[in-house]
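First chain A sits with chain B, and in the next complex the same chain sits with chain C.
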Partner chain A sequence: MTEQALYRRLVRRSLHRSRSAAVVVALVLLSLVAVYVGIEATLAALGRGPLLITPADAVAALENPTTIVLAGAAVVAIIGIVFVLLALLPGSRGRHEVPNERLAVVVDDSVLAGAIGGVAQRASGVAPSRVVTSVSKRRGAVTITPTSGVPLDSAALSATAQDFVHTLQPRPAVKVGVTVAANGVVGA
Partner chain B sequence: MTRSNRGLNRGILAIVGLLLIALSAWVANRAYPVIELPAVPVPEGATLWIIAASALVVVLLSLAWIVTRGRGRTHAVLTATDDSGTVSIDARVAADLIAQDLEALADVVSVSSSAFRTTGRKRSGVALELRVVARRHADLRHLVDTVTRSVEIFDEALETRIPVLLHVATGVRASFTHEQRVR
Partner chain C sequence: MIPGRVAISSRALERTVAAIAAGALRVPPSTVRVTLADEAGLLGVSVTAPLRTTALRSTAPADGIVTRVQAARRGIRAELTELAGREIGRVNVTISRADIREEKRVR
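What follows is the complex of A and B.
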């Protein structure tokens, strides 16, 4: 494997959550059910009395379900749907890849938000506490509360922030918008 | 980061999930018939043994899958053997060397590392994962450049090039630590 291919794989694995924990839960549940079914089947085959219910009674209960059995089936269906969703959803971890010549680099969205917010803060000249930034998979949003009487140009600030993002080139690409709050505040 | 097969993990989840949905759909269909389904025969004799044996197989396969998760971690980043013996370098050495270079940066809270084996068709080796916990307003570009430089120095010292994954994170500690600011 070349270093590029290895890095692509490392980054891909880092951007998505592993399903190991979910699989362990699913298989432990499955094993517990299998252990119980196996015990009942063995007891019935040996002609002993059941632990809780004989296989014949269990089949009869599933063939003519009572309300309790139906409620149980509903719970089982919900668990099944959760497992299928866990199998299909991407499981993004809120990180972006940043290209680098030597390293494979992944950055938490909060770090990316902080960096973008820092650029917008320096460009606007307001106190850091008045800049709020959030970054999602493809979007970044910066909200700046201006000082009363000191207008800020949100278009120019957006361009500055977007330029900074262009130099970082995070993948997936992030589109940044800067919003200047309508009401300013006085003082720091 | 481990070597676990993630595609198969998802496959197993999908299969178990679909089985559960099918089972409950069967029961629901008995209460509110929509389609005609054959009756389940009452298990007797040899069938009971087959059920018990299948249950045992399911349990054994599940346990085998569970205990093999998370493999591939290792301590040694590099192992070199020659006539006089074997030298191996611990992942923590790499983290310490890089942490030393990052100490000057006020933005960095902590540096940790782990090494894991990578497999490939042509080559299998060891990759290093560096986890740098930074403050929220860290200068990201400067931080990444600094780490790149220290990794290059590390490369030169070892006379080889180890694959490195850098993960810049903000931890709980980073958000609680007071931000140092000089006005």
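What follows is the complex of A and C.
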């Protein structure tokens, strides 16, 4: 494996959750069900009494379902939906890749948010405690509480923050918006 | 631009407003009470102060109370904008009592 390919693989593993835990659980459940069905089939073939229910009774119950059977089916369906979602969703870990010539760099979204918030705070001149920033996969949101009587230009602040993000070039790309709260605070 | 920022505490702003209002109304600063509030991003000012006036029987010429308080409000607004560099919203002035000064006879 070349170094570039290794880095790509490492970055991908850092950005996305592994599906191995879900796979292990799904396969263990599946094998337990298979073992149980096998046991019941064997007991029925040998003419012995069933462990819980004979295969013939089980098929009959499925053809004319009672409330309990329907409830059980619903539970199984929900478990199935959860596994489908675990398999299809990207499993993002709240991180972004930052391109670098020599290194594989992965940054937590909270760190990215702190950096963007710091830029917006210095550009706006308010106290750091009045700036709240959050970063999701493709969006960053900065909310600034202004000082009463000191108007802030949210468009200019958004442009400043976006310029900073452009210098970092996080992947996936992040679009930043700065919101100035409608009501300010009197003291500094 | 120099790195860093300027912060003015609300206490400092209040005392500044009190001093300006005292000057505009010509009463001692210690008799002026000030409340500052945010008004949709603007600085709202509420001043409670006595009104300095001459005795009711006085024959000295004077403007009406409303005229003088309006002038004081304009003065507070202009001076505060200049001193504190804040955009001012409402300026409320409440006259709590009269500060009556008998003018002295010219000897």
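In the analysis below, the second predicted complex is superposed on the first by the 187 of 188 C-alpha atoms of A that agree within 3 Å, B and C clash if a C-alpha of one lies under 4 Å from a C-alpha of the other, contacts with A are read in each partner's own complex, and residues count from 1 in each chain.
One rule holds for everything that comes next: a contact is a pair of C-beta atoms (placed from the backbone, for glycine too) under 8 Å apart; a residue touches a chain by one contact, two chains touch by 3 or more.
As the structure is a computational prediction, the values presented were derived from the model and not from experiment.
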For the overlaid complexes, name the partner, chain B or chain C, with more touching residues on chain A.
B
On the A-aligned overlay, A:148 touches which partner chain: chain B = first, chain C = second, or both, or neither?
second
So in the superposed three-chain picture, is A:76 touching just chain B, just chain C, both, or none of them (first/second/both/neither)?
first
Check whether A:51 is in contact with chain B, with chain C, with both or with neither, and answer first, second, both or neither.
neither
First (chain B), second (chain C), both or neither: which does A:183 touch?
second
Does chain B (first) or chain C (second) touch A:173, or do both, or does neither?
neither
First (chain B), second (chain C), both or neither: which does A:127 touch?
second
Note: overlapping chain A surface for chain B and chain C spans none
Taking the complex as given, what residues does chain C use to touch chain A?
3, 5-11, 13, 36-44, 84-89
Note: in the complex, chain A contacts chain C through residues 122, 125-127, 146-151, 180, 182-188
Within the complex, which stretch of chain B touches chain A?
1-2, 4, 6, 9-14, 16-28, 30-31, 39-43, 45, 48-49, 51-52, 54-56, 58-59, 62-63, 65-66, 69-70, 118, 120-123, 127, 129, 134-141, 144, 147-148, 151-152, 161, 163-170, 179, 181
Within the complex, chain B is touched by chain A residues 1, 3, 5-7, 10-11, 13-14, 16, 18-20, 22-24, 26-28, 30-31, 34-35, 37-38, 41-42, 44-45, 55-56, 59-60, 62-65, 69-70, 73-74, 76-77, 79-88, 95, 98, 100-108, 110-115, 117-118, 128, 167-168
